[in-house]
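Next come two complexes, and both contain chain A; in the first it sits with chain B, in the second with chain C.
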Partner chain A sequence: MLKWAWKSLFSQKGSLIGSAAGIACAFILVIFFDAVWRGETEQIIAYPNNVKPDVWVMQSGVGNMHMAMSFVWDWKADKIASMPEVKNVTPILYLNNVIRAGDTEMFAFIVGLLPDAKRAGPWAMSAGRQIQNPREAIIPDVLSHITGVKIGDTLSITDKEFNVVGLSKGTFSSANSVLFVPFSDLEDILSSSGTYSYLLVDAHDNVEPKVLASKIMEEVEKINALPHDDFIANDFALARQMGVEVIVMMTVICSVLAALIVGFSAYSLVMRKRREIAIIKALGASNISIFYSVMIQTGIVTLLGFLLAVLFALLVVPGIPSLVPQLTILVSNEALMQLGIIALLVTILGAILPTYLVLRMDPATAFHV
Partner chain B sequence: MMIPILKASNLSKVFGSGHTEVKAVDNVSLSIKAGELVLVMGPSGSGKTTLLSMLGSLLKPSQGNIEIEGINVTELKESDLPNIRALKIGFIFQTFNLLDALTVEENILFPSQLRPEGRVGVKNRANRLIEKLGLAHRRNAFPSTLSGGEKQRVAIARALINEPKLILADEPTGNLDSQTGQEVMMILHDIARDEGYAVIMVTHDPRVEDIADRILWLEDGQLHDRKSEKHSWVKDPVCGMHVDEWTANLVSQYKGKKYYFCSKRCHERFENNQESYVV
Partner chain C sequence: MFRLAWRQLQYDKIKALLTALAIGSVIAVILVLEGFEQGQYYQLKQIVLKRNADLIATQSGVTNFIAVRSSIPQLSRMDIEDVPGVKEAHPITAVPIIYNKDNIRTPVYVLVYDTKGGPSRIILGKGIKDARDIVIDHSLAKKYNIKLGDNFSVTDFTFKVSGFTDEAAFMMPFAFINYDGMLDLFIESQIAPDLSTFPLLSYMLVELDAQADRDKIAKDIEAKVSTVDVVTPEQLSNNDVSMGKVFYKPIMGLLVTIGYVIGLLVVGLIMYADIRSRIKNFAVLKALGFPFKKLFFAVLSQSLILLLIAIPIGIFIALSLSVYIETNSPVYLIRLFEPIVFIHTLLACLVFSFLGSLIPLHIIRGSDPVMAFQGA
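The block that comes next holds the complex of A and B.
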């Protein structure tokens, strides 16, 4: 029976390839949406993840950076800096706002840097230089590519114009890119004085970030201090929540599409082979063995589609950002394993109707075919 | 006393109900012993295929019992019938019904995969059948490349692979030319006579009447024994089958007399030992 299932499936190579390609397309959509979502989620937390202090200090009640607002008095920064466990404290100002670059308006994270705060600035540059003067800005290189705003051009944040002096790498996200401006300019935009948004605290080598965070919380009132890993976990969870419903919906739609393709393939396979199935039943094959054969055939078609999709995901998807730089894509093993489970469910769902038809098939028709 | 391989008692099959009720088979009883070749003949629509389907455990009778090798198959559960079909019955169909994706050898071996006890010795048996039925050179060929006669010989080998005692053949020569059809008839005749299979054959072909042990006539769902009718045809000196001397291709002359043959097989036998066939 297995040999028949295998050989009869591969005897119609055209329809097998067509079915597998159809399923692969649906699976590729699942992988692609997931990869874009994961890539964007990673990119949303790119700034905190790359500057990576041992401890983040912020206003009490605030636990992350994404879409948050925080104010910490400057004297609190001085108090933390004076603690023996602390190596240095780098304050930043931070604002979520719309920027205008060329004809494009987009949401961005704007980080205000003190003149000596290189530690909190861009971690990789593709062109230009660091900020040295007021009203200068460093923007993501991809943003420059999309908007056409180059070094020497201007962009506006609220009602202020900034001169682009550098292009940073790895700071673009279609949801919110990271821009760097002088601290004093952002202070002006925020109409604030004597406050910071976040403090990036680096500990001495033998100090545990968790212990330091607790000690800061004990000694400085009305602030929140979190080790970097906890801070990132909070930010990541928030970033994930923002797109998860859309991705789940897309995954369900694509999975249903894949199940329909599998179902249609298995249905047409059974309909094409109904003469042979009737013969096999007449010769003495049980319903259960025919059911297994149909399941195996459906499983092989789905497996081929799955492998094609995985191959595409591993070979082609990572190359997409070089063609579409505004896309950040991350194909994860977790996503591929999830797709494997989806493929299994799709096989079972897709085989329901054909199996029902097989069970109902009358073996006596073997005399009439 | 020999126990019949197949015994059907008061078998009826009714399709539909009320005004649309049709009695396809009406109170039919028959029995067949090992080594017997029984023809079931009758006009189109007389219920021959319905009867054969019931005898082959493919269709539940509305009434009556069928015993195959002493097992009352009408009392078995639906889920037990595939086993009966796989082990106790060999099927030969008019349209050959080979599996297109499998080779000749794989087609022949297919029913052996349905045996619960596995396939011990089956390969040797398949080899013997392939040799015996002249299919050795076509062992790895696919059905689409075979002639009608070859296809039917594969189907016969497939029917015999599990060594069932009962062979049911539905118009086995219906899609074959007369000479190939006669060859197939002779194979079935030999299977019954030499190897002791019980063969039931539904056919319209009057030329096989002489090689049958019994002829049953089915008309309006009812079965009657039928006396042989004489035809004005000449007899094949080897098998005794009627051959139309005007259309026969295989002819030999021996001691000034012409002899006509139904098949190559009979022709070869005659050529090898002419004395023994000429009285």
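The block that comes next holds the complex of A and C.
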């Protein structure tokens, strides 16, 4: 039966390739949804992940950065800096706001940097220099590419104009581009004084961040202190949940689409070979062995589709951001493994109808003219 | 030829149904994606329009309502109300927070209002009577299993949930409190050295006298209060939609385009597989003297009939999916039937169906009439 399944499947290579390509298309759509969502999610945490202090200190009740608002009194930073375990405290101001660059208005995360706070600034530059004077800004290189705003041009945040002096790398995402401006200018926009948004606390060697975070929480009131890993986990969890329902539903419907294509091709095959199957039944083949042969056929078609989709994901998808620079796309092994499980389910689902037809098939069909 | 195509589909109903289901699924994917995007724009627009203002004053230079910090001087209320034609000015403030319960965090946009601009519709419970009251979007209630009267803690300050509304935008649920509530929150939380850190007055909802000239009064207010810009709610909501498009278009555009390409390939591949399996029938028709043009129309008719069957199936699947998504996550709104987009999607499906039916044409062209007489 195995040989028959194999031979009959490959007897019509065009249909086999067509079906496999159809399944691959459905899987590619699933991969895309996941890759775009995962890429954006990863990019949302790019800033905190790259500045990477040992401990993050913020307003009480706040536990992350994405879309958050936090204010910490300045004296609290001084108190933390005086702790023996603390090597360095770098305060930043932070604001979620709409910016205008060229003709484009977009949502951005703006980080206000003190003059000596390079540690909290851009981690990689593609052009230009660091901020040295008031009303200067560093913007993501992708933002510059999209909006046409280059070094020497201006952009506006509320009613304040900023000169672009540098382009940073790895700081753009559709959800939150990260811009850097002088601390005093952001203070002016926020009408605040004597406050910071977040404190980036670096500990001395051999100091456990978790222990230091607990100590800061004990000694300084009305703040929250989190080790870097916990802070990132919170941000990541928050970013992940946005749009997840839509992604899940799209994955379900694309999987159903793949199952339908598998079902279609297996059904077509069974209908084409119904006489052969009837003869095999008439010769005494058991239902279970025929069922296995159908399963093998749907399995092979799905596997081919899956492999085509994986190849596409690994070879083509990473090149998409060069065409659409706004997008951050991330194909993960986890997503491909999930797709593998989906493919298995698709095989089973796709085999249900043809198997049912085969089992009901009358061996006498073999002798019909 | 249309009849031939129709009979061909009737000949194997299961196959025709499987095909229509597959094409319907592709249509559903595209409809849901388009509907999701349109829903986002609709929500962005409605958030501003539902504040029911004739004009809106913003901080000078601020052109958006959502996700932006706007801060205008508190005395501007009086100045605006002094302008002839202005009936009343209602302050409103936006405070973005991250709600955290059981370590599950959700960004929530809190709108603080005084005399107008509160929740547009209370779907359960009552409005705000007290500084401790908060009205939240029902998606938030569903997500955290919050009931009326439950506590709602923000930065060590506890509100009491007095009602549910259905206002969300930018994938964020909204909540509403009054000014007393906001001041209590800021003062009791002691989160900043002085209250001026927070935007106590973000926008002014301007209510005009009946018959007042909106454009003239907008200019008069701007002339009198230099710290504000005055726009119509429509302008402000359009700016928010434009900002939303910058955010969503690249992602959604790419996904929808891929959806169309895949739809085209699925139709093409299905038609290809179908025509390959009937190659002998086409050879017979060719032997009987049917020209290629007629056979092409038969294939085209078949794919169009399949599309006509698939469209209601696709709409049904998309509708079911959108109901499921909206029921489970009410923060999303899927607007499937936005007229222009819906018609555009169906026309695009027609195009991909047409293009898909071109894929197997070379098989028909290459089929030899002699095949009709080969084999049993």
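Here, the second predicted complex is superposed on the first by the 368 of 369 C-alpha atoms of A that agree within 3 Å, B and C clash if a C-alpha of one lies under 4 Å from a C-alpha of the other, contacts with A are read in each partner's own complex, and residues count from 1 in each chain.
Just so we're on the same page, contacts are C-beta pairs under 8 Å (C-beta built on N, C-alpha and C of every residue); 3 or more make two chains touch, one makes a residue touch a chain.
Remember, it's a predicted structure, so these values are computed and weren't measured experimentally.
*Asks:* Mind checking the superposed model to see whether chain B and chain C fit together on chain A or clash?
*Replies:* Fit: chain B and chain C sit side by side once superposed on chain A.
*Asks:* What angle, in steps of 10 degrees, lies at chain A between chain B and chain C when each chain is taken as its C-alpha centre?
*Replies:* About 90 degrees, rounded to the nearest 10.
*Asks:* Comparing chain B against chain C, which has contacts with more of the residues in chain A?
*Replies:* C
*Asks:* When the two structures are overlaid on chain A, which partner does A:Leu315 contact: first (chain B), second (chain C), both, or neither?
*Replies:* neither
*Asks:* Between chain B (first) and chain C (second), which, if any, makes contact with A:Thr158: first, second, both or neither?
*Replies:* In the superposed model, A:Thr158 contacts chain C only, not chain B.
*Asks:* Which partner chains sit in contact with A:Ile341 here, chain B, chain C, both or neither? Use first/second/both/neither.
*Replies:* So A:Ile341 meets neither chain B nor chain C here.
*Asks:* Of the two partner chains, chain B (first) and chain C (second), which one does A:Gly22 touch, if any: first, second, both, or neither?
*Replies:* The answer is second: A:Gly22 touches chain C but not chain B.
*Asks:* If you've got the overlay open, could you tell me the nearest Cα approach between chain B and chain C in whole angstrom?
*Replies:* 8
*Asks:* Where on chain A do the contacts from chain B and from chain C line up?
*Replies:* none
*Asks:* Given the complex with chain A, which residues does chain C contribute to the contact?
*Replies:* Residues of chain C touching chain A: 12, 14-15, 18-19, 21-22, 25-26, 28-29, 32-33, 36, 59-64, 67-71, 95-98, 100, 103-107, 153-156, 171-172, 189-194, 196-197, 199, 239, 242-243, 246-248, 250-251, 254-255, 258-259, 261-262, 265-266, 269-270, 272-274, 276-277, 317, 321, 324-325, 328-329, 332, 363.
*Asks:* Would you tell me which residues of chain A are touching chain C in their complex?
*Replies:* Interface residues on the chain A side: 12, 14-15, 18-19, 21-22, 25-26, 28-29, 32-33, 36, 40, 59-64, 66-69, 71, 73-74, 95-98, 100, 104-107, 156, 158-160, 174-175, 189-195, 222, 234, 237-238, 241-243, 245-246, 249-250, 253-254, 256-257, 260-261, 263-265, 267-268, 271-272, 320, 324, 326-327, 353.
*Asks:* Quick one: which bits of chain A touch chain B in the complex? Just the residue numbers, please.
*Replies:* Checking each residue of chain A against chain B gives 1, 3-4, 7-8, 10-11, 275-276, 279-287, 289, 362-364, 366-369.
*Asks:* Mind pulling up the chain B residues that touch chain A in the complex?
*Replies:* Residues 49, 52-53, 56, 58-59, 79, 82-87, 89, 91, 93-95, 97, 99-102, 106, 110-111, 113-114, 158, 170 of chain B touch chain A in their complex.
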